[in-house]
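One chain, subunit A, appears in both complexes that follow, with subunit B as partner in the first and subunit C in the second.
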Partner chain A sequence: MPEYLQTTIDKFTFKVATDRRYSGDGIWLQETADGRLRVGVTDFVQQHSGDVAFASVKATGTTLSAGDEFAELETVKVNLSLPLPVAGTIVEVNPALDTTPEVVNQAPYGDGWLAVVEVPAGAIDRVGLLDPPAYFAVMRSQVEQELNQQ
Partner chain B sequence: MNSHEEPIIVVPCSGIGKTFGSVSREAAYEVCDELRPDTTRLLALSKLVLGEEEARERVRSGRTVTIDGCKLMCAAKLVAQSGGTVVREVAVLDVYRQHKDLKPDGIAELNDAGKQLARVIAGEIVKTIDGAGASSTLGEDNHA
Partner chain C sequence: MPESKDRVDVAVLGGGPGGYVAALAAARRGARVALVEKTRVGGTCLNVGCIPTKALTTSAELLLRARRAGAFGLLIPEVGLDLPGLMAYKRTTVDGLVGGVEQLLAASRVALIRGEGRIKKPDTIWIEEGNGRSREIVATHVILAPGSVPADPPIEGRHLPGVIGSTEALDIDAEPRRLVVVGGGVIGLEFACIYEALGSNVTVLEMTPTLLPGATDEVIAKRLEVLLRRRGLEIRLGVTVERIEQHGEALRLHATGAAGDTIVEGDRVLLATGRWPNTVGMGITDIGVRMNGRAIAVDETMGTNRPGVRAVGDAVGGAMLAHKAMVEGRVAAENVTGGCRRADYRSVPNVVFTRPEVASVGWTETQARAAGADVKVAQFPFSANPRARILGEPDGLVRLICEVGAGRVLGVHLVGPHATDLIAEGALAVQLGATADDLAWTTHAHPTLPEAMFEAALNFRDAAIHRHSR
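Let's turn to the complex of A and B:
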């Protein structure tokens, strides 16, 4: 079980897992034991986007450049295009997404992962990902900005 | 009239300003105004939120179908908290997952797909009301 940085703003509580790295737009990447990257969305992204109706991830074997869409979430509010922060090849897609896409809402850092990606050695260190405290600060800023707009 | 004599109470979620909430209300209107006006009665969730005793008594004394636009399942929870018996909970999102071509859009005025989704939900509810699926749940969630 990961530990979390956590903040409550207004009536919303947001968690950031401390055992992975992040892109500024709320994609997390966690190295697996075999050197690949498990990828998903943050708690903030899933709360902000709403209940997931459908989740589709590019097929295994798909090779993507950094910034390419690797998955799309259709929620009750939006269609969310998710960019892969680092170039790589999708080697596994979470099979639970077909039958229970709500798992993304229920466990964004756990069973709600989206894909496993194979990347060149050292690639993750070259793309400027955020550590948990840095993403936590970005997320807080995004939440406050959102609330100020309301 | 069904075997319980009393009309079945249909409670859609409030969901004001939300597309899926609008689908829930549209489905409730379809059931209560068009498909089964003689055996159903519509109840505004806001009356249960406000604790109106007459509304609470209606759900306590009869059988209820709830229709919720999101996973908070406010209608189902409030009926249960009011002491009512939910014979069928509908989660609009779960039905939509079974009908991906019926993507609802709009709030004040639903698009055609949203209206069609509401009709699908209404049709399923009618099956329950007619006794074909009492005590069942449309979709996966059951908070009763």
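Let's turn to the complex of A and C:
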């Protein structure tokens, strides 16, 4: 599979990384070498939300249920509440967010990650995450829906 | 024997914001008043506190703005620091305001007595006027307003040259290359911002896990911490300084913390570890005034346990703020001139002149929840406020702590441009028991910073106009 699936709609190009899984509302989760999950937002979410002025992620040690807010992005347009797709405990917060929150816009799949979460073994397979092509399809329909509203 | 003995209605010991305001207010109400001050009127605030630091803050801000002139379409080819000029500006600002207070006292027929005062009996103040001269004042009412002094923390090496307090930090002859500030409270952070703007590398060491402990809402403190780091300040929390050593040209601070022992080096060290009530050596305890630790114990009328003796300001503890002292001075003055007034601290704002500024009034979210209130926090960021963006200062936010249901505003907390001015609306809301809807339906001029207040208030019903949440 290529590194990214991508589509250009109305001048905007949206990428979906192919090495991780997704929730329908644009949170990506990627397993780390030690079995934890690195979590961030998709390219579509960052473009749709605007320039991130401030990112606050729940402190390390916070235990959350699936669907609880784990982070909030304050952009020039919107306050975006991000739900954690799977129950777990925050074990790391991206230290770059404090000084350079724009990293979320610049590299949503890379340096702009938000948190690392520890989850029970196998939990990620039980919550119905989307694989890249499935999220790609969801994202396309979300983009088209947005365009139709305009 | 004293050379003269005067009888007055009210004698005030200490000419700071608590004392001089008490003197003026009592005089306005017809009392014969004497005010005893050993140095200059205005106290810590006017002489070595609020006022000179704000002069420095003003210059520091202008400097930063001038450096960003290009962003505003201006060419200012040469921007620099003139330290003697800066010191002169600070001095003339202070002198002008001290002179103003002296004129007010004179115009109000308050007798200003220069000298070191001591309370001998509940109705008698003894004043050493210098050159062996002394006098005694007998007063129907005495108001003690001796203020506070910098705390003397038990840090080994605190008397080394180059280790300074907030008073010395006001006199800048050359900006230190590396300044280490011990204490992440109001005083420490204001100086940290001033020196950083003037060109120093600044490291702040704070003992507690948060900046501005007890002075603001935790979310605001965290936001300030991040914004100060973005400006380039190094901030270390949960770190206790144990000793300071000379190490060649530099000063070396040995500190302990959760992450282990650390060493921080600087050219100058500012100790800003708070202030203590100044209550020693004035005979206060000798006449049987009850104390509350270092502070004078007072009731809501500012009365001590000794009839006829009241006390106000930093010396009675609580928040060490000039405006809190002034309110207490007015309360005491009314009560010694036939009035009946109780101190009401609900709307005492806390203000911090960092960049961006911080201001708070009323309960924090944590305090409100601890008190059993069911609260909803309504927020609005300055990045969505047009005026903040015009000013090029879009960082910060407004937080309203509201009671669920009617939406009564229990607390207002801000970090952002001109937060210290904006908090006046919050103080009014808290004092009047206003609701979020009251604020939301008060029309705020456009485009102004206070619009962030009503937008936050609209968010109590998740209805901010220039913002949406997903």
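Everything below uses one rule, namely that the second predicted complex is superposed on the first by the 148 of 150 C-alpha atoms of A that agree within 3 Å, B and C clash if a C-alpha of one lies under 4 Å from a C-alpha of the other, contacts with A are read in each partner's own complex, and residues count from 1 in each chain.
What we mean here is this: contacts are C-beta pairs under 8 Å (C-beta built on N, C-alpha and C of every residue); 3 or more make two chains touch, one makes a residue touch a chain.
Source: prediction; values computed, not measured.
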* Asked: Now for A:S141: first (subunit B), second (subunit C), both, or neither, which partner does it touch?
  -> neither
* Which holds for A:V76: it touches subunit B only (first), subunit C only (second), both, or neither? -> both
* Asked: Between subunit B (first) and subunit C (second), which does A:F54 come into contact with in this model arrangement: first, second, both, or neither?
  -> both
* After lining up the shared chain so the two structures overlap, which partner does A:T18 touch, if you call subunit B first and subunit C second: first, second, both or neither? -> neither
* Asked: After lining up the shared chain so the two structures overlap, which partner does A:D98 touch, if you call subunit B first and subunit C second: first, second, both or neither?
  -> second
* To do: For subunit A, give the residues common to its interface with subunit B and its interface with subunit C.
  => 53-54, 76
* Asked: Mind pulling up the subunit C residues that touch subunit A in the complex?
  -> 222-223, 226, 229-230, 379, 381, 383-384, 394-395, 397, 467-470
* subunit A to subunit B touching residues, read off their complex -> 50-51, 53-54, 76, 101-102, 105
* Residues of subunit B touching subunit A in the complex -> 18-20, 69-71, 93, 96-97, 100
* **Complex contacts: residues of subunit A adjacent to subunit C** => 49, 53-54, 56, 74-81, 98-99
